[in-house]
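Here come two complexes built around chain A, the first alongside chain B, the second alongside chain C.
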Partner chain A sequence: MKSQTRSWQFAGVLSLYLLICGVPLLAGLGYSLGYSLGLTGLLSQGFTLVHWQTLLQDTDAWRSMGYSLLVAAISMALSLSLALGVAWLHELRSQNTLRRWLLLPLAFPPLVAGFSWYYLLSPSGFLSRLAFHLGWIGGIEAFPVIVNDFPGVGLVLTHVFLVFPLFALLFMHQSAKVRMGALWQVAQSLGSKRSQFLRRVYIPLQLRKAELLIRLYAIFLIGTYEVALLLGRSSPRVMTLYITDKLGRFNLADIPQGHAMLVVYILLAGVLAFGGIKKYRIL
Partner chain B sequence: MIAVMDFQKKYGNEIVLDGVNFVLEKGKTLCVTGASGSGKSTLLRLLAGWESPDAGDFRIAGKSMLHIPPSQRKVVYLSQEPLLFPHLSVAKNLSYGLEIRRLPGKVVRERVGELAQRLGLDTQLHKMPDQLSGGQKQRVSFGRSLIIEPEIFLLDEPFASLDHQTREEMQVLFGELRLTFSMTTIFVTHDIKEALMTADQLATLKGGKLTVFDQVQDFLASPESGARKELDFWTRIQQLQQHEPQQ
Partner chain C sequence: MMQKTLNTLIIIFLALPLAALLYLSAVKFWVYPDLLRAHFSLEFWSGLGGTYSGLTSSFALSLLMATSISLTATGLGFFFSAFLLLVPGRSTWLALSFFPYLIAPVSFGALLQTYFVRFGLSGSTGGVWIAQLLFVVPYANILLSTFWNRHIRQLYQQAITLGARPLQALSGIILPLAKPWLGLSLLQCFLISWYEYGITRLIGIGKVQTLTVGVMHYLNEANPHVAALAAILLVSPVVLLGAISYIVVGKLSLQV
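Let's turn to the complex of A and B:
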């Protein structure tokens, strides 16, 4: 009787999950796929691959994708490195005030964080004015361009600001859970230097335990919109901006390409989220 | 030979170790008994190099270890928790000490294979730590330490978290290993029976003072060791068992 009730409860929760998370996603994917194949939409004339061919030949589309992946990869690499470093320092000298300060950036919505960094880093922003008042630069034009720039410095910094505290807190929690301090002592007594321990135990252990969240945050950064809108470039622009540009344009012939790119993004997200999922192991 | 001379350690105003002295011959086992909080673990932590004594010296073969970092002391610490590296397989846990010394892969594989066979772990090498039983984990922990051939083993109640049967198996295994590998060991326990089974030399830590006993009889007779009380308890149990059938 109990097991039957549990089965019903499980089926209920699963149905609710699919209704909230699965159905809209699949419906959106189906609609975009249909649109990109000419099966639906204002200019629909039946099945065609012409929109996909146009997308494949559009260098701007692939530059957008490459740019998104690059910005996300750099942002994740910096965020994870910083988070690993902070969590390691916390392991060596436990400080609760550090934890509290790390919670602060998590309270910022991406749009607010984007504005904050824009006003900090833009040519007319705080740092530029400070540099001018300190006499380091002669005018705001001398301040280095770090917003809306090609390397995406402002964009990456904002991403790091938004992402690294979460991973730092996660790594601290994981450290406590696996008793990293005790493992470090064991490794020392086996003759391990700090660098060897970090390379062979601390970093791989932390990253493997956080693998799923790292994948999800990479997807989150590839799909960034508001921050990229404020701090990114217009060409090449990130994937989401490319998609919204295409979907929101007056030229109706561009819309199917936007949908095709959306399908590419969802597939990419799927590969990042579920690729090699058999390797997942709860440590 | 290792020698600990006049070790002293205070935490605030509390004196934990007050002039601890002992000498241990190579290949021998010193068992240190004492109540919880008597400073047994502190003594091991000082020897491992994780903490520094306020005064005194610790020498291995005449060389002071005090200014040598823990990673270079060749002193291995094993606690009651095996503390295996959870993301590494049994084989990788065993080979950790050799790999960080950059030994050739072939040598590492051979030595891991030999040791695994001796410890009864040869069929478990591919497994992850969370797939092992408590006793198997402790075997891996022993193996991981043995493979680097340390000067001293510091065992801090290593079998305390095991069930009765596994504990006895591990005590027997430890007895075999210490003879085979000629292990120099400081074994901390509050289990008098375990101390008697494993020790070449017995000592008790009480009030920060370490009393080393030359003879087992002295240890058994000493009120400080607590052995007298335990023996009385078992004698009483025996007497009760003898009387039971007559009632």
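Let's turn to the complex of A and C:
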């Protein structure tokens, strides 16, 4: 009797866990998949692949996916380069003031960071006014457009602001942990040049140790939303904006495509993440 | 010399956004090309008690929501993380918790939206609270799962073998050891909820005015000064909380 009560309790808790941590996402994913296959929704007429075909033929969708991946890759590459550089300078000479300042962006939600950088970089923003007072530009129209622009300069810069400090702090911590200073001394006494040490020891070691976090942050950047909403463009737009635009439109015919893209995005995040999880044995 | 210049440039890069927010919240009639010769005024700050009292209520709502979510999620996360130790195939069950955290909150909101509309939860504070909780609990579960290493499990078993009741072992051994993890989880869950915009926007459909929604609302109204004020309200407690938790968690870790 007692063991039967225990099994019920066990099943009850497991169900609660599933209800909170599994069901919402799986139910939502199932609904989106069903919607994209014409199985549910206001205009549903039974199973069809037409919405997926439309999505695959939609250049806007491909551009959106490519743009998200490109912005994430560039932001990540710049953030990592800067973080590696800062951590190396810290290795050569302790930078405690800088270290404290690196904590500041961690208090910025993406929305606030996007807002601040918008007002710093826009043609009527702080930097444009500063350039005018310094006599570098003659007026508002002479300032280069770096917000809501095609190359996404403002977007990337805001991502770097959000991501690089975390990696700089991480690399500093990793350096101390592996006693990078001692390694550099040994390398020097064995006749290694600084560039050789950086290329063959410092950079590979740091990146390899931070590989999982790099992967997770890349996924975070692919899913950028608030920053892109403020500093991105409407075409090409990042994946999350493509999804919310399609789902929020009054044109009902666009909604299945939005759901199809949502499924693609979640699968992409899952594939990118789960490779990492298996490899790093964090489960 | 070059290193010093580089350091200064990086510090400027890091400090500029906060400086811009503080400046925007303290000037009015900010016409191009005025930079430093603007009309300084504390009108927006003093308006927090009157004209912009909506921001004060948004602050209170965000604070209440983030605090209650943080407490509930940490409690549930700790409970689930302990429970999963008893479940065969733990890693597979735990993998479920990874997904909500991996995808953008706005996408999670888009997935949930239809069900929340169906259950009449869309556009309500309760709905946003539940949606955020569904996003935060899996994160707390993952974070707190790292606490249950072999050493902790062995300590628990040892206490039981020596005659302690499960509740005694939990309150006397496990909880004191888990304090730094619980503190970290409380802080992280608070921050996720405090910063959250995408889920709140989609599930709250603009009716649930948290601070992040307030920032965007004033930005859409082309009122950067009040938006900056809201943004400072959003950033400042986090800076304070970060400092406090850094000291508290640091001390707790030393004790452990």
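As a working rule, the second predicted complex is superposed on the first by the 251 of 283 C-alpha atoms of A that agree within 3 Å, B and C clash if a C-alpha of one lies under 4 Å from a C-alpha of the other, contacts with A are read in each partner's own complex, and residues count from 1 in each chain.
Please note the rule applied: contacts are C-beta pairs under 8 Å (C-beta built on N, C-alpha and C of every residue); 3 or more make two chains touch, one makes a residue touch a chain.
For clarity, every value in this text was computed on a predicted model and none was experimentally measured.
Enquirer: Clash or fit: chain B against chain C, after overlaying the two structures on chain A?
Expert: Chain B/chain C on chain A - fit side by side.
Enquirer: Touching A:103, do we find chain B (first), chain C (second), both, or neither?
Expert: second
Enquirer: Looking at the overlay, does A:61 come into contact with chain B only (first), chain C only (second), both, or neither?
Expert: neither
Enquirer: Could you let me know whether more residues of chain A are touched by chain B or by chain C?
Expert: Between chain B and chain C, the winner on chain A residue contacts is C.
Enquirer: With both complexes overlaid on chain A, does A:200 touch chain B (first), chain C (second), both or neither?
Expert: first
Enquirer: Would you check which partner chain A:87 touches, where first means chain B only, second means chain C only, and both and neither mean what they say?
Expert: neither
Enquirer: In the superposed arrangement, does A:13 touch chain B (first), chain C (second), both or neither?
Expert: Only chain C is touched by A:13; chain B is not.
Enquirer: Once the shared chain is lined up, is A:183 touching chain B (first), chain C (second), both, or neither of them?
Expert: first
Enquirer: Using the touch definition from the top, say if A:163 reaches chain B (first), chain C (second), both or neither.
Expert: neither
Enquirer: Can you give the closest approach of chain B to chain C, taken over C-alpha atoms and in whole Å, for the superposition?
Expert: Scanning every C-alpha pair, the shortest chain B to chain C distance is 20 Å.
Enquirer: Give me the intersection of chain A's contacts with chain B and its contacts with chain C, in residue numbers.
Expert: 283
Enquirer: Going by the contact rule at the top, pick out the chain C residues touching chain A in the complex.
Expert: Answer in residue numbers: 3, 6-7, 10-11, 13-18, 20-21, 23-24, 32-35, 76, 80, 83-84, 86-87, 91, 93-100, 102-108, 110-115, 133-134, 137-138, 141, 194-195, 197-198, 202, 212, 215-216, 219, 224, 227-228, 231, 234-235, 238-239, 242.
Enquirer: For chain A, which residues count as touching chain B in their complex?
Expert: 178-179, 182-183, 185-193, 196, 200-201, 204-205, 208-209, 281, 283
Enquirer: Of all residues in chain B, which touch chain A in the complex?
Expert: 48-50, 69-77, 79, 81, 83, 85-88, 96-97, 99-101, 128, 130, 144-145, 148, 150
Enquirer: Write out the stretch or stretches of chain A touching chain C in their complex.
Expert: Going through chain A, the ones touching chain C are 10, 13-14, 17-18, 20-22, 24-25, 27-29, 31-32, 86, 89, 92-93, 95, 97-98, 101-113, 115-117, 119-120, 124, 126, 128-130, 132-133, 139-140, 161, 165, 216, 219-220, 223-226, 230, 240, 243-244, 247, 258, 262, 265-266, 269-270, 273-274, 277, 283.
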